[in-house]
């Protein structure tokens, strides 16, 4: 028989709840280590993503000089001169040692200095990416925000009226929105709104802002930025709205069957309090991680949307950088995107801990 | 009671079984040193509150988990020493029946295919026809007749009791010598529970199958293990162990007493009479990660004596018992054992020469029937200590 | 920039042009040859002028910053106009021009006609620049005259460094040049004003619109009739839309057939069509398939094609023209040169193609044409991913050959480095340009025909086309290498003679299969803001290299309503 | 005492299972509950106990529907009201202040993301009738209530539900249930998921609370022992119907329905000798395929053709006051015998009680 | 006794309604929406695979017939080369459909294989695979595809399937793994383990059949996602433009501004409608299946 453990402090108060023994200090310690573990894991994922991106870029065929030369050539420069011009701009050594490059790259990663864009060497890659990314983040963010507002309310309403015509209609719309590619939907919107009906000033809406509007903290600028971003926002909102709607409906349906909701009704609580404090709050919990996931996939999927909508955001830039073989930009963009996805999910996790008290003590499985 | 003196090794023996789980909150000693044995055709019933380690013990006995210390021996052979042939024999001889009859059956497979999978796998049948015939036979054995109306059913087409019977049939397919039933009847309704227990009892008697029977329901334990033994577990340890009629009718450990006292009997008059029965000092079970010092039960124990109970862990000591040899703590020991300082002390104090058992605290609360006081058999003991095995009403 | 309102005498109104710029990546460092805001656009003539512009019809220089230009033997004398000012108020002087020339010379690719031969440039005084060449040449002065002149005030340090390097014998790719190029590439001057000396200067640079106002003291500022030039950002789609709503006056975007039909109904729309100096043709890899050496086979292929259809599909109606002669020269070059020779004209004629192939020993069987050695003839035509006219031409050509019974498929190669593929001879048949879009000198076409993509070195065979000794029926064995030199450097008569001979050789041996020539079409909307938009005497000028409308604006030949 | 506090007449409840199909989970139930009584609803799993319990407060889930009957309560102000005719807001006010319910598996009765004290606050505030419940007032009231169920308010109030053990949650829920001093308390299997010892302490507390507050109780369980422990009266349900009602002693010592008798025969006692138990043969019918006549007839030893033909209604067996009657729905109730008979003196007690009535 | 046993043996093993296919069938036909979705999918598959056999494949370039209006001869008019738009449309569905299906098959196969391994055996393999999915999920899918497409230059259609499939599996992997993990802990699996049925048999006979519905539904969803990705690649113009297909039509419509021209609308709209119909079909079919095959929904 093993030796008995050191006697704990005498504490035999009736009904001493188990949590008391762990004490706040321990909880905080565990909590801290959980956060630490999550962060360490995130850093590892970012490193892996960076390395994979580096390798992909490194072994991707195609020479940025030749590609730029091709562009110059087709815009009216002789082939020789085009190559010379491209060489003048792009300092790129295709034969450099992989390891040296990789180590440089890692060093750059740590020091946040990934060098300059190949095709536009006067800018650091971060500057370059930041030129575009905020616009996409703005559009995606606004789209997701819109989707959250619409999707969650409609989804919840549908769950409340399960089986009604409203529910069937909304569920169909939700499946439609999630099922049909968002770029197809937005293309259809353009064709119908612009080409067929002529009510959508699509061509004026392209780009980020209208000429003459100075960026700044004023209504005109924001109004204009929104005017230009409205189609991307709608496009991004499409899928997200659909999936939030369906998920929210499912989650709400699930929560509605929970005992505590029935109990709340039995308690004669007001309907509004039940739907907000009891149903909504709990149904939201599983949606929150999906919001982060949606943000990630939408930013990733912005390539096609921005292409169709001619919205110069991160997707277009990425596409451009890839076809130009502007490796540093691609790397930086991917790393920034990956990092933001990772950070978003980290934030969501940490946020969930705040809104769902159950996680703090039990759910450390992650 | 077919008596004693079997020298052969018991079917299953647990020796100092310990199971410590590593959890985020620290090590959890779910089972902390359990010695038990089950003999062929006999029932050993394990009872105790939720979380006391019954399932963990059973799973280790079934070889599902590997204990962190101690040994599981099958027919005298420790599991760890077995070669693959022995191991597979052991696997077949020891079958496990789960608690939840719904979850234990694969919803995508028919009864027939559930029953024949093991048969086919172990080459116990030659072909499909034979397998099916065997399956039908098994269904009859567990009283699912006519078998053909069940063979091609899916689990969701069966009721809970029927499913549990299929589970039993599946384990019988392996010709088991030992059935480990983990709360196998607790999800069933009373009437169905009885009939299943009766079926299991028939298997025990007719097929000489041994049972490690786990339940938290003392009534079930009493009903099914009347001829066998009961071991009461508390926080990973056996606190009382003995023949069923003894343990139920004359519990010694305060915990066992509390358990028996807490049972609600289907008898309104009896219930009314015992309404004011004693309470434990605390209703909460301590956490396994943070066990109280000394006797793990002391924070709740009505017989708690400061300085004695919270100092050291009590050992499971033999207290003897009527008609059972008290000497020789060897494997053939059939006496009662209790792990309680107070009981141990009182035995040595009042019975230096081996007299009668005496307790200094209230005996089982709640077994007093109005007007039944008169049958107290020993005026020197506490007035509460009343009936031994006297049945107030019988069949 | 303090704006003075309208500049030139009586200048008023607005001229709107559309061009796909992108201020989020473009910069103001004009010493860099690419990525500079609007300097590659035709509208650059209006704000960052050159010494002279070429009149493509007469091959005469139209002086711009220069007052006069004379090439005397190997010496080019540029006399600059005086009194022209940069937007930073400094005078435009010879020093600016010399510095510009050295920067260009140092950064120019080796082998570039005009820069290779340039020895030195000197500022004789404030307005006189003398450029010395190592040898005389048709169009040798092209590079020096057509460089956009940069202000010494901003680029002086680099200009001096370039001059020093050139004088030290440094060429493009040398270590000094590379260092300087990197230094230049790392600068964008986005925080400073763009210093220019043209008739207009930047007023507002917005994301989608750039406006320019008259730059008093700038070149021709007194002549221009518009007070504002507006450049709308727009790719094809946008320019179509802008044209539809008459929001622009002039567009040089290359529009497809569909776009053209979209805008057809716009009021006041004017198509300005100029014969191009290049076109699309096919290269046959003679190194890989010796049977292509047989001129009968080449001719047979040529007779199979319905080039009208191919041009129509690839470029749309009006976007192409079928050459008047199959001499390897665009119509403006060929005009009058071959009046006295009888040239074969390759119009669609399957019967003729059949007989030519049979003559070459080919035979048509159920599975297609078989080569003289009995093997089935199977070829793949390659185009370039994303180069739509190539892809469409290649697809159509392959389709037509297939219809004729040849097993020909079409495939795209990535746009990474098609020159690498062509140069290496890594193709059966490739879609490729023929003639030469950049300069209106005939030898450019010959270079493209015989030498570009045909270096014939062991690791880069190209087409595998012989040039030292070419068999012809009417002229016997001809040395194309020699003739090519004559067409560049000889006297005018010698050049003409050589060109004529080479034309005949081309016509008989078809070193490339010419499918069609590009017609350059641009669009103007008249009557909205602008009276008439007309190229005037610069009808033949290429819209990208010496845009006639821009010259006319500078001359004051185009006026607001 | 003549006026029942709750009166159920011919109550039927159905669940929609498909677009056009539905199953009747509770059919034609008549029940009267008199002030201060505690009634146990017993029966096998799936017989409709929970459904009936929920129905008593009109709390049926979306797919459930009361298809017929009436449900009248005598309210605190003495008036009677038919629950089925109440408007939404009326119903809301009725719930918890007139009748509260403690649910099966109280584990999930609390909203996991808000603290216990907030549950009290929500309840009190939504039934405040204009009174402002400050935080302090809520805490004081909740603390008081928790103390009546022997919970430490300092600890429990600020806890999240998952931080409490099952027993604590159950007690907290009981405290919450009596927050508005309801007249009727419906408890659905309040102890099923709990350990024996915890169960015992809860039972104890229910006794105390009942003594203190005197509420009327409907107690749903399939554990007959618990029913014996807590109930004054017992109603046995089988396949959606109440087939026997009577005082606890009637039911436990003299059941008159073969099913009730079967149930009691199948109960294993802990104390006393080990009897040989017999089970009721067969399995309960599926709601979708109810046998004609008496639903129990396929399992019944006494079944005759008549049983298989006609629905059998409750029949009053005694001429005691209505509050204490014994009724059974069986044509052969006189043939039903409990296998183990009650001890003589007890049997006589039971008989005398019957005789007195 | 023997007679009853014989009777038992003689009984047919399974009724159709209880087999997986049977449940699939009922799932597809039970709800009218699911049935309609299935019909829609079938219709488009037929249109795209059988249609080309029925339609005259001779669709010559005809410069005199560019952008004509729909007519009896040209149901959807003609396009920019004067070819019949309808013929192009008929030929455009096959590739996205089979490439998408192949990609989905691949994604599902990888996800199921790796997911079962990771979920069943856990341990280091699981940790590595999880890390891998973390990474794959973190890198934008399109970027991965772009890189691979660029890497392999001239990529054949089945290659695209592989590319798309191999970037798509990660999401499914997680849910399969989670399901296997939870199923593994289910008591019937433990029961099978106690009967020594062997890991392969347990995974394939005990665990996977319980996920068959889930897997199938996810397959349908994956087809949808694969088509999203593949058509997207075409729309971006990154794919060889050989065979006609919906994505290419959209690419041309946008790249060459056909969408601005009302006369080109049939050409522009036709592929959009086809994709919308096909995806709606898949989605409703998936929902119908989900209802039929998801045990949670089924047992209600």
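The first chain written gets the first letter, and so on, giving A, B, C, D and E; residue counts start at 1 in each chain.
Keep this in mind: a residue touches a chain if its C-beta (ideal position, glycine included) is under 8 Å from a C-beta of that chain, and two chains touch if they have at least 3 such contacts.
Bear in mind that the values here come from a model prediction, so they are computed numbers and not experimental data.
Taken together, subunit D and subunit E share the touching chains A, B.
Centroid distances from subunit B, each centroid being the mean of CA atoms, peak for C. Taking the mean of the C-alpha atoms as each chain's centre, subunit B and subunit D sit 32 Å apart.
For the pair subunit A and subunit E, the distance between mean C-alpha positions equals 25 Å. Subunit C and subunit D have Cα centroids lying 94 Å from one another.
For the pair subunit B and subunit C, the distance between mean C-alpha positions equals 95 Å. The residues of subunit E that reach two or more other chains are 150, 153, 260-261, listed in rising order. The multi-chain contact residues of subunit B, meaning those touching 2 or more other chains, are 283-284. Residue numbers of subunit C whose C-beta contacts span two or more other chains: 237, 241, 414.
Interface residues of subunit A, counted against subunit C in their complex, comprise 61-63, 66-70, 72, 74-81, 83-89, 91, 116, 119-123, 128, 131-132, 203, 206-213, 310, 312, 323, 325. The part of subunit D that touches subunit B in the complex is made up of residues 44-45, 165, 167-168, 195-201, 203-204, 207, 222-229, 231, 248-249, 252, 262-264, 266-281, 283-284, 339-343, 345-346, 349. Taken together, the subunit C residues at the contact with subunit E in this complex read 236-237, 240-241, 256-259, 261-262, 308-309, 312-313, 385-386, 388, 391-392, 396, 399, 410-414. The residues of subunit E lying in touch with subunit C in their complex are 61, 63, 66-67, 80-81, 150, 153-154, 237, 240-242, 255-258, 260-261, 263-264. The residues of subunit E lying in touch with subunit B in their complex are 1, 4-5, 7-9, 11-15, 18, 186-198, 201, 205-206, 209-210, 212, 295, 299.
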